[in-house]
Amino acid sequence: MTITQPDLSVFETLESEVRSYCRGWPTVFDRASGSHLYDEDGHAYLDFFSGAGALNYGHNNPVLKRALLDYLERDGIAHGLDMSTTAKRAFLETFRDVVLRPRGLDHKVMFPGPTGTNAVEAALKLARKVKGRESIISFTNAFHGMSLGALAVTGNAFKRAGAGIPLVHGTPMPFDDYLDGQIPDFIWFERLLDDAGSGLNTPAAVIVETVQGEGGVNVARPEWLRGLADLCRRHDMLLIVDDIQMGCGRTGPFFSFEEAGIVPDIVTLSKSIGGYGLPLALTLFRPELDIWEPGEHNGTFRGNNPAFVTASAALDTYWTDGQMEKQTLSRGEQTEAALRSIAAEHAHAGAGFRGRGLVWGLTFEDTERAAAVCRRAFELGLLVETSGPESEVVKLLPALTVTPEELDEGLRVLARAVRETD
Amino acid sequence: MTITQPDLSVFETLESEVRSYCRGWPTVFDRASGSHLYDEDGHAYLDFFSGAGALNYGHNNPVLKRALLDYLERDGIAHGLDMSTTAKRAFLETFRDVVLRPRGLDHKVMFPGPTGTNAVEAALKLARKVKGRESIISFTNAFHGMSLGALAVTGNAFKRAGAGIPLVHGTPMPFDDYLDGQIPDFIWFERLLDDAGSGLNTPAAVIVETVQGEGGVNVARPEWLRGLADLCRRHDMLLIVDDIQMGCGRTGPFFSFEEAGIVPDIVTLSKSIGGYGLPLALTLFRPELDIWEPGEHNGTFRGNNPAFVTASAALDTYWTDGQMEKQTLSRGEQTEAALRSIAAEHAHAGAGFRGRGLVWGLTFEDTERAAAVCRRAFELGLLVETSGPESEVVKLLPALTVTPEELDEGLRVLARAVRETD
Amino acid sequence: MTITQPDLSVFETLESEVRSYCRGWPTVFDRASGSHLYDEDGHAYLDFFSGAGALNYGHNNPVLKRALLDYLERDGIAHGLDMSTTAKRAFLETFRDVVLRPRGLDHKVMFPGPTGTNAVEAALKLARKVKGRESIISFTNAFHGMSLGALAVTGNAFKRAGAGIPLVHGTPMPFDDYLDGQIPDFIWFERLLDDAGSGLNTPAAVIVETVQGEGGVNVARPEWLRGLADLCRRHDMLLIVDDIQMGCGRTGPFFSFEEAGIVPDIVTLSKSIGGYGLPLALTLFRPELDIWEPGEHNGTFRGNNPAFVTASAALDTYWTDGQMEKQTLSRGEQTEAALRSIAAEHAHAGAGFRGRGLVWGLTFEDTERAAAVCRRAFELGLLVETSGPESEVVKLLPALTVTPEELDEGLRVLARAVRETD
Amino acid sequence: MTITQPDLSVFETLESEVRSYCRGWPTVFDRASGSHLYDEDGHAYLDFFSGAGALNYGHNNPVLKRALLDYLERDGIAHGLDMSTTAKRAFLETFRDVVLRPRGLDHKVMFPGPTGTNAVEAALKLARKVKGRESIISFTNAFHGMSLGALAVTGNAFKRAGAGIPLVHGTPMPFDDYLDGQIPDFIWFERLLDDAGSGLNTPAAVIVETVQGEGGVNVARPEWLRGLADLCRRHDMLLIVDDIQMGCGRTGPFFSFEEAGIVPDIVTLSKSIGGYGLPLALTLFRPELDIWEPGEHNGTFRGNNPAFVTASAALDTYWTDGQMEKQTLSRGEQTEAALRSIAAEHAHAGAGFRGRGLVWGLTFEDTERAAAVCRRAFELGLLVETSGPESEVVKLLPALTVTPEELDEGLRVLARAVRETD
């Protein structure tokens, strides 16, 4: 593929130095459809990145697009704060009927503002208010957001340093399989809780991702999650599952924690909940936790009605039966097989892989290899990003709607990129 | 107007108790156009609320709508994180050419996530990073957002209590005309800065709204703003103007600080910057402050491309010449005249009013009167909300595109609502 | 006076750079009696510093000395934590009978550790525990101690910077006469408390010195103190008077707040309470505030029994009648007359003075003059130190037992030192 | 022994509920000598508590007493802030010649205020200032003091709760042998430090006790301490050894860390450094860390000259040769043998013991047994206290000057108290 030098000047002169993805993918994208993006010169890119998990149903999914266009054309409410609207009612009813009830969940739904970090901020506020305690337990390599509340429970030192103040009230515990693989789960965490002399401020809640996407595709085992839920119950801590990236089917079932059979007290959703990449976020919690006063937390864009429309359409289209989950697990097996083969081919480079559903990570002994693979993949027309504290993991997040052929193509390009960076 | 009992059940059973606007306006809105919303029974409501300032160009503005539909129909990028896209380039160029250059501003543009609180969090982070200090000065009755960083510089005690942790690193100073009207501006603030024994942690920055919308429509005089800018300069503090509600023409000029002739170091924009009520936010700062590392602050929805499209269309349509500013000031005069008349009529109830451009507040001696007026206005088909720490101010935020007739109608309904709550 | 070069080598090589008084008074003191110190070469120094207020009864006061020697000789308990001892019982009974009962106070007595900062830490802990709030109001130029709790309510920027962490949970308010002398007392403070939108975290307590010794000999008027006590009562804040330097008769009455006729909720005492310069501190509080659990605050040296012995002897000797108070006020008048004369003589240098009882400050337009005066006074055999945020005040703290002749002598030396630094 | 009901009324009516030791030992002590205290009725108590470690040389040690009386009689300086005095010079020279130089230490000496918590506050301030970081690592069951800085690195939940604010900037790590005895030392700590995504704020320093006295007589192995020192070196963290209770010979050598062969960056000393139970504390640090500004940390009683006198006498008497260390280790063996025998006799009650030098702990399966043993011991004329987070350890701290006969007697009383609480 030949890439004409794109006109990036306004980005380079006007946009802040904080910009990042555009640096790794130095082209100007113009349109997109399904699993492909197209730049302004018409080059196609196969997308194994999916808006960092915000595009589980692919770009401009035609079913959602039709619903959105219809809504806009008929002058449906575009912006509604938390006024009652027909679009919001439809979403709430659909979410209840398609997501909550079939899973036996009676959680209340809060619209905390349309981004993941808003959802996490609301979850932490509520947990602290309910328990009357300040301290939150998070996990090594957690990623929960960039506003100060969420950042304090995020692991990445570089992101944390951006706060400009010391981040407090959060304490990290080891995520599953963090240490030597020999140490019993939660031995340290539980000892701290049991010991009145441990120095740990009694936590209001624990916040966890079932798979740490930004943290390096670290996968918690179902039994570890069950152990954690049990620990929370025994020690009067609320369990918050941050399902912003792993929810909405990314790991197979709608919620990533379903496989473990646990029921979190609080769940955050964002990214793909809107379905079309439009900003939307939810904070769900057990009804007995709903001690909010009216307006105690708010936000101008918490009623992003176009996103309600696409969200409802996505749930109606993909989640009324078990097809999507089955398909994701099947695509996951296809991915795993390809990664196993890549890893075997590059055993000399210490290649390894891990994942679940349609989130996978590929690692190498040399921590800088991942970035090289992503760079080469871009040149070959495949979008993949790195993750992990040292950007040492190639992270694969194809759309859940990817076809087996597209998946195969992307994995072959990936294999080539690995080979060509050896 | 007769209102059939709307079906609110799913809101009442499933949505969290935190919901607020829907309580004051107990109907289900379905569509909207210009200055009117329509509920599902077809009742029309004249909107003097404008999405809390997010709909300066009215609901479903046809020019913006056309641009948005075209973009969606042609499969333009819907979600792009901070990838370079043609929609983003167009926005940046338009913003530069229409907003920045004509005002002699060379600020860099950051997309901090699509909500106001994201923009404030980014502004505070950057100020702290640049100055290497933690402390921020805010003002009495300030409102900057609900995530922990922004909430710490927000005045409202009820919102602050929601944090669940003690909010620190922020110190309030008196806003313009806060005390007895006799005390020289900044006498306390400057004395604290001058006195090495004052106990004030040296601030990194000052964050201010030129008109405090949520705080009760408190209007800072231009000379007070100039005094503040001067104080910041003399004491090495960055000046952050939070123009989220008052920017985008609400007070007349594009930026609300233009009248004062000051140039803030950092500016936050959100609400109406997207034009169509779609989530978008900007943090602007002088180029020498752009010390961000790539990715040091990020957010999934920071590249809300449909909002770039409507934002560009709004700038192109309304801000290439001085018409919009003139029109807003003219509508403001019309509003002021009507409010003067209402206040005169209700002098016995201590009625007063204040405002600038198209943001106005109406107050009464009895602090509960404002809520009563808003309730009655709703019954009469007019949407207005209260603001202020005790919800003691009727706040008027008509669309900037309101016609003189609509404005007149709404002000007459308001007058009637005041009369009928006497 | 000729001063042989003293052997200061071990101080300069072994003691930390943090040492301070020894730098201004470069000699090695060996013994002391009454208002005089003697260095190892036998030079006498008249002491108008009194151990920063810890030696109100002079050095090695013979009555106290006898009691102390007797106690030590008979093997009285030297160290007792908070065990009951005969020396402690005698002190408690004496303190009750001589200090508390005659003043109608029913405060409980806590031994928080033997230093002022311990007493302040205990006071703040208790106030926070009682009120369930974190925030404390302090005043500009307050000085309360060097441990982190006390330092957070101390004004001096240089001392605060030593913390190495951002000091939070404290907010400064203007001390009496801090601004232009026109602004009504507490107008800002009360407005913040009244306004639910002010952004001030509701305070648990207010901590105040009636005269700010370290802060520059700033004297609060009785009516200001009464206003403050009234404000605390009306706004449910505890009033803590830090009487560590101004208590034990420094301003005339035993407690410095007696003149104002107020009864603080909590009082801290240290410095001269031990009488002989031995470490001792008390935290006093209204009985209904005594919600401490046994051992919730402790400290190894809180039962410094030798100090109990000298403390009891001092109370018995000086405080069973009103003589000491009268004498202090008389000495104060003598001091004031001399300072008035000095100020008149140096009106061209903007000389001013202020004080109460036996704490006085002398200031000059040139903020560096105070240090020069102290240096010259030392050469002339008089020990006086500076205070204030810029060390711009010559602070006089003679022993309360100073004779009129000694006082006269010292004031004449001071006058000469002022003259010789013109 | 028969105990007449002592007159405790003033303690019960006037002293705060916070008092603690006096509750367990309900008598009024009057005088003391060597290893014995006597109450006002003349009953003798053998003291295995030693002022919580502040009386290593016994009560009213005759050599120290003579020096103290001489000093007071000749009107030596009683109170000197940080003025140079002959007593202070003598102490500094003695400390240098007897303690520092023979151990090859070139640490600077700071007098931070006369209590342990002052010494810890100064150590933490300096570490933060030197490293420019806020975070401190402490250990489970650490005890460092009651002022806010020291309390934040103290483990006990009950003490921490007394703060009334959330304690932050400290993170606990597992002390030696805290978990299952299988987990490699520092595996968790080092992983957090190595992983840029761990969420641990980079620490300025680590603070540790070599034996946790208050925490339950938990003894760190020399190899664990060496591992810790090595970890600090490799990760640019300062190592602070809090030797307040374990220093001054309690474990055998003068400093408790000598056995491990490590050299801490900062050392705190208090309790027995004054020798006679008079308040005194030191903060020692490597000369390159001495970046204090003059007066940046201070304290009224930091120059407690009578304590300098007894401190010098103690060093001169006991530490100029290796006798004291040998004797302590020998007494330790005697103690250990007795405890082994007690534990063997009470194996059915899960009795265990641990300790080093002359600090020993005795534990039982039933955590309430320790308190019962201490109560019975008191009735039998022996003073011992409990320690540990649940007061589950009988802690033995006899004077280092205890005779073998006294030690034997006390251990026999202890054995009887254990038997009689079976």
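Going in written order, the chains are labelled A, B, C and D, and every chain counts its residues from 1.
Operating definition for what follows: contacts are C-beta pairs under 8 Å (C-beta built on N, C-alpha and C of every residue); 3 or more make two chains touch, one makes a residue touch a chain.
Note that the coordinates shown come from a computational prediction; the quantities given were computed from them, not determined experimentally.
C-beta contact counts were set side by side for B-D and A-B; A-B has more. Here the C-alpha atoms of subunit A line up with those of subunit D after a rotation of 180°, rounded in steps of 5.
For the pair subunit B and subunit C, the distance between C-alpha centroids works out to 50 Å. With centres taken as mean Cα positions, subunit D sits 58 Å from subunit B. Averaging Cα coordinates per chain places subunit A and subunit B 30 Å apart.
Annotation for subunit A: residues touching 2 or more other chains are 134, 158, 165-166, 169.
Looking at the complex, you find that subunit D touches subunit C at residues 6-8, 10-11, 14-23, 25-33, 37, 40, 51-55, 59-60, 65, 68-69, 72-86, 88-89, 92-93, 95-96, 108-118, 121-122, 124-129, 134, 145-150, 152, 158-159, 161-166, 169, 204, 270-271, 276-279, 283, 285, 290-301, 304, 306.
Listed in rising order, the residues of subunit C touching subunit B in the complex are 134-135, 138-142, 153-158, 160, 166-172, 174, 178-180, 182-184, 187-188, 191-192, 195-202, 215-216, 388-390. Taken together, the subunit A residues at the contact with subunit C in this complex read 165-166.
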